[in-house]
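All chains are identified by letter, namely A, B, C and D, in their written order; residue positions are counted from 1 within each chain.
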Amino acid sequence: MELGMIGLGRMGAAMAERLARGGHRVLGFDPLPSAREAAATRGVEAVDALPALTAALAAPRTLWLMVPAAAVDATIEALLPHLAPGDRVIDGGNSHYRDSQRRAQALAARGLRFVDVGTSGGVWGLREGYCLMAGGEADDIAAIRPLLQTLAPAPDRGWAHVGPIGAGHFVKMVHNGIEYGLMQAYAEGFALLQRKEALVPDLAQVAELWRHGSVVRSWLLDLTAGALEANPALDGIAPYVEDSGEGRWTLAEAIEADLSTPVIALSLLQRLRSRETDPFGEKLLAAMRAAFGGHPIRPAGGSGAR
Amino acid sequence: MELGMIGLGRMGAAMAERLARGGHRVLGFDPLPSAREAAATRGVEAVDALPALTAALAAPRTLWLMVPAAAVDATIEALLPHLAPGDRVIDGGNSHYRDSQRRAQALAARGLRFVDVGTSGGVWGLREGYCLMAGGEADDIAAIRPLLQTLAPAPDRGWAHVGPIGAGHFVKMVHNGIEYGLMQAYAEGFALLQRKEALVPDLAQVAELWRHGSVVRSWLLDLTAGALEANPALDGIAPYVEDSGEGRWTLAEAIEADLSTPVIALSLLQRLRSRETDPFGEKLLAAMRAAFGGHPIRPAGGSGAR
Amino acid sequence: MELGMIGLGRMGAAMAERLARGGHRVLGFDPLPSAREAAATRGVEAVDALPALTAALAAPRTLWLMVPAAAVDATIEALLPHLAPGDRVIDGGNSHYRDSQRRAQALAARGLRFVDVGTSGGVWGLREGYCLMAGGEADDIAAIRPLLQTLAPAPDRGWAHVGPIGAGHFVKMVHNGIEYGLMQAYAEGFALLQRKEALVPDLAQVAELWRHGSVVRSWLLDLTAGALEANPALDGIAPYVEDSGEGRWTLAEAIEADLSTPVIALSLLQRLRSRETDPFGEKLLAAMRAAFGGHPIRPAGGSGAR
Amino acid sequence: MELGMIGLGRMGAAMAERLARGGHRVLGFDPLPSAREAAATRGVEAVDALPALTAALAAPRTLWLMVPAAAVDATIEALLPHLAPGDRVIDGGNSHYRDSQRRAQALAARGLRFVDVGTSGGVWGLREGYCLMAGGEADDIAAIRPLLQTLAPAPDRGWAHVGPIGAGHFVKMVHNGIEYGLMQAYAEGFALLQRKEALVPDLAQVAELWRHGSVVRSWLLDLTAGALEANPALDGIAPYVEDSGEGRWTLAEAIEADLSTPVIALSLLQRLRSRETDPFGEKLLAAMRAAFGGHPIRPAGGSGAR
C-alpha cells in the first residue's frame, strides 16, 4: 500500500526502507535535507515539505510518524491543515500513552483516525523485522495490516493489536521498563565476573557460552556477547548511561497503580547515578561519618578518589 | 565414553538419558529405588550401591555428581574408599565454588581429579541440550570433552572451559544471579500490564508478541508466554517464590568484592518478601504512623487486609 | 493576632488550640458540625460558614487552611468572593509545591497574598510545638510571624522562611520523603531483631535503650519505643501501610532532577507491597520457576501460604 | 572499680577517660607508645605490655577490649597466659556476634568469663555518654554494672542487659544497619534539596529547622546540621563512603533469616557504588544501548564525563 513516513532518522529511515523493499510505495519527509537525501537512496520518495507529502498521497492517507516524542504535537499541528476526514495518523514513536489517547481524541473531533504503534527492534529491525504493538480500533488496524506484516519479522508474528488507543504505547512503555531491568541484571552479573579475572579470564567467552542452552539466553545477551567480543575490556567507553524516558514513565505508572516494581526502579536510578559527577548525598554521608565517628574524610580530587 | 552418574533426580536422570542417547555407556546410582527404576527405562544401567557403581567402571573412572549441594561432601566421602588415583569426580550440581575449590584440593591429595561443571537448562535440557560451564585443568576437561559435547546443544557450542577449578561453579552462580534479575524484571512488567486490564486485556498475547523482534525477547520470555497461554490469570498459583541459594551467594560475593548489584539484591529480597505471612516490619510501620500522626491502623485479619 | 483557621480536623483543631492558648484570636470553620463543636471547646470561635468567617475578620485577613490537599482548590474558590485585596491565604497542609506556586499566582492576580507553610509534628504538635517551613515573600512571612512563633516549639526555633513561594511545601515534601526512609530503616532493624527472639527477647527494651546515647536516637525511635512498650508483639495490627502522597512526590521530583534516591524509592515501594493481597508478579515468578526448572508451585490458598 | 582497658584508640581512650573521671581505677594498654602517652594525660595508668597490665590488676580481673574486630582473637590469645579462672573479658568493639559466642565458649573452657558490649556514641560518647548493649550472663553483667553506669549517659539509662552472650554484639550490629539506612535517607533528602538551590537556598537552615518539632528530628540530624553549618557546600569532601562491616553483617543475617531489608541493602550498596571509579557494569550498559539502539557512547575521560 501507500504511506507517508514522517521522520527519516535512524528508526524512520530503516522502517521506510523495509516497507519499500516489501513492495509498498513509501513517500517520506524529514526537515533535515541530509536525511531526505539518504532516504532517497533507500527506496523512499523523499519530499521537502509536509504539504508536498500529503498532496502526493491519495485519500484516505496513511501518515506514519517516527519523530521524537517531544515533536509529535507540533508535527500533528503542522499536518492538520493538509489532512482530510478519513486520513489516518500512526504514531510509531515512543510517545506517552496518555498523550496518544489525548491526540486520538483531538483528531477524532476532525474526523481523523489514529493508531499508536509501539515499535521495538532498534537498529536491527531493518534486517530482522520489528516488533509492533498496535493500539487502536479494529478497522484501523485492519487497514494498516499490510504495513505491520511487512515491518514485522514475519507476516503472522511480531505484530499484534493489543488493545484500544493508547494500548500500543502502554505496552511499549512496559517493554522498555522490562528492558532496563534485563540490561541491569546482565550488567551486574558481568561486573561481578569482571572482578574475578583470575578465576574467569574471558567474559566474551562466558557471554557466548550462555547464548546456547542456558536459562539466561536472550537477544540482549546476543548483543552483549558481540560487544564483549569486539571490545573485551570496554575500553574507551564512559560509564555514563542515558535514559530515554520510558523507564521513568513505567515507574510512575507502577506507583500510580500502587504496584511495587523494585527492579525497574533501581535500574532507572542506577542510570541516574551513572551520570553524577560529584554526588552531594555521598559527600554528606562522608561528612556525617566524620561528625559522629571521627572517621576520616577523603579529600575531593585526591588521587584514588573517584 | 563410560561414566557413572550419581544422583538420578530431575536433572541427573535427564542428563543420563541424553548421554545414553548420545552413545555413551551410562551407569547410574541413586539412593531412591524409584529413581533407579525410572532411570533404567531411560537407557541407564542403574545399580543399587556406590561400590557396585565404581566396581562396574573401568579405571580411570569418571563419576558425575548431580546431587543437592548439601549432599556433595557426604557423597564424596562415601565414594572415597572405592576410588583409585586417576579417577575423576565431576560436580555438575549447584555447589558453592569455594566448596569446589576445597574439595578439589582434598581429592588431589589422594591423586583424584576434580572438575566443576555449572549446568543450566533445567527440564528442557534433555531436548535442547544443556549449557555447561566447566572449571578445572585442561587435561581433565579434554578427558570429559565427549560428555560435554553430547550434553551441550551442539558439539561445538554451549559448553566451555571457563577457568581453573571453581570457575565453573562461579560462572553458574553468577548466571543464576542474573536469572533472578531477568525473572523479576519480567514479573514486574507483566504485573503492571495486569493492572491495566481494560487497556491491555491479553497478557499471553503480549508475551507471545514480544518473542518476535523485540528487544526483550529471550528464552525466559518464551517460557513466560507458554505459562500465560496455559493459565492466563495464573489461577491456583500462590505468590510464593523459593530461592535455591545461588542468588544469595551471588549477592554475598558481590558485596565481598565491594560491588553494588541493586537488581540482583532486590530480586532476592522480593522472593524473601513473597514468603512472609505477617511481616513484623510492616506492622511496625503502621504502628509508627499511628503514633506520630494518628493515622488509623488496619486491624489484623480484617476483611480486605492482606 | 487574629486569624481564621479553615479545616478543624486532627491537625487544624490542634493548631487552632495552640494558637488560642498563645493569645491569638482564632476563628474557625469546618464543614463538619462535630468538628466545629469540638473546636469550640478548645478556644476557637467556630462559625458555620465561610462567609461568616471572613465577615468576622478585620481586613487585611489571615486565613490559614488546614484541609486535605485535594480540597485546597475548592476551598480557595469558595473563599474568593469573600476576600479583599491584601488578604492573606496560608496553606498549612501537604499541598504539592507546584500547586502552591500556581495558586499563589492566581491569587496575586486578584491582589491576594499567599504563603505555603509545610507543617510537621503530627498529633504531638499541640504539646511540643510544630516545625514550620514557610515559603513566600518576606513581608508576608513577617506579617504572620506571631503565628509561627506560637505554633513552633519556641519563638526563635522550629520555624523558618526557607525560600520563595513553594519552598515551604517543597521542603515539607522532602521532609516526608526522608521520614519514609527513616521509618523503613527502623522497621527493618526491629524485624531482624524479632527474628532472633531467643537471642534478643525484648524489643521494647532495645528501643528504649537506643534512645540514650546511641547514634540512632531520634524522635521516631522515641515513638517506636512507646509503641513497642504498649504492644510488644504488635498484636492486632495488620501489616498494611498507607502512604499519603509526599513520598511519591519526592521520588518523582528526584527522578525529574536526575537524582538517584534508592532508599526513598524502596521505602515507598515497600509500602505499596504491604498492601498487595495476591501479587501477580510473584505468582508469575513461581510459574516461571516451574516452567524452566520443574520447581514445585505452592497452591494458592493452601495452608502455609501467605 | 578497677579495670584494664586494652586498646587506647579513638574509642578506647575516650571510654577510659570517662571511666577514670567517674572514679574508677583505669589501667590501660595499647601497642602504640603515642596512644599510651596520650591516655596517660587523660587519667589512665598506661602500661607498656599486656603482662604488666594483668599483673597490676587484682583478681578477678576485668579486661575491657576496645580493639578492631580483626585483632580480637590475637589479643585474647596474647592475654590467655596471663589470666586466671574467674577473670572477665569484655569485648566492647564491633565484633561479629558469632565470633563472640565462639570466644565465650573457648574462654569458658578455661574458667574465664566473657561479656559482649555493643557500644554506640562515637566521638561524642566521652561527653554525652555511650549507649551500651550488653550480652552475657546475669552475674557477669552485675559485676561490671558500675562500669556500665559510668559509661552510659546516666546510671539508670543508656545501658541494658539485652540477652545471652552474643546478644550485645547482635543488637549493636542491627543498630549499625539501621544507622546506614537513616544516614542514606537524610543524604538523599538533602541531595534533592541541593538540586533546587533557587527554591531552597540554605540547606543548613533547613537542617537546623527540622531539629525542632519535626518528625525527622534525630541526633544524626543534629550532626548533619552542624556539618552543613560548618561547610554548606561540603567543599573539599570526596563522595567516597567507607563501611566498617556491620552493614554487611546485618544484610547477611537478614538474608539468612529470610527477611527482606531493602533499605539496609541499598544503603550498603550505595556506599560500595560511591567507591567505584570506573564501573564496568555501567560501561556495559552504555555498550548494550549502542548495540541495540545505536545510541551514542560517551567516550571515557571526555569532558563532561564523570
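Everything below uses one rule, namely that a contact is a pair of C-beta atoms (placed from the backbone, for glycine too) under 8 Å apart; a residue touches a chain by one contact, two chains touch by 3 or more.
Source: prediction; values computed, not measured.
In terms of the stated touch criterion, the partners common to chain A and chain D are B, C, listed by label. Here B-C and C-D are compared, and the pair linked by more C-beta contacts is C-D. With centres defined by CA atoms alone, the chain at the far end from chain B is C. Centre-to-centre spacing of chain B and chain D amounts to 38 Å, using the average Cα coordinate of each chain.
Centre to centre, using the average C-alpha position, chain B and chain C are separated by 47 Å.
The distance from the centre of chain C to the centre of chain D, with each centre set as the mean of the Cα atoms, comes to 33 Å. Residue positions 122, 184, 186, 188, 191, 215, 219-220, 259, 261-262, 266, 269-270, 273, 275-276, 281, 292 of chain D each touch two or more of the other chains.
In terms of inter-chain touching, the protein chains here all touch one another pairwise.
Of all the residues in chain C, the ones that touch chain D in their complex are 97, 120-122, 125, 128-133, 135, 152-154, 157-160, 162-164, 166-167, 170-171, 174-182, 184-186, 188-189, 191-193, 195-196, 199-202, 205-206, 208-221, 250, 253-254, 257, 259, 261-264, 266-267, 269-270. Against chain C, in their complex, chain B makes its touches with residues 10, 122-124, 183-184, 186-188, 190-191, 194, 219-220, 223-224, 226-228, 231, 234-242, 244, 262, 266, 270-271, 273-295, 297-302, 305-306. Remark: chain A residues 215, 248, 251-252, 255, 258-262, 265-266, 268-270, 272-273, 275-276, 281, 292-293 touch chain C in the complex.
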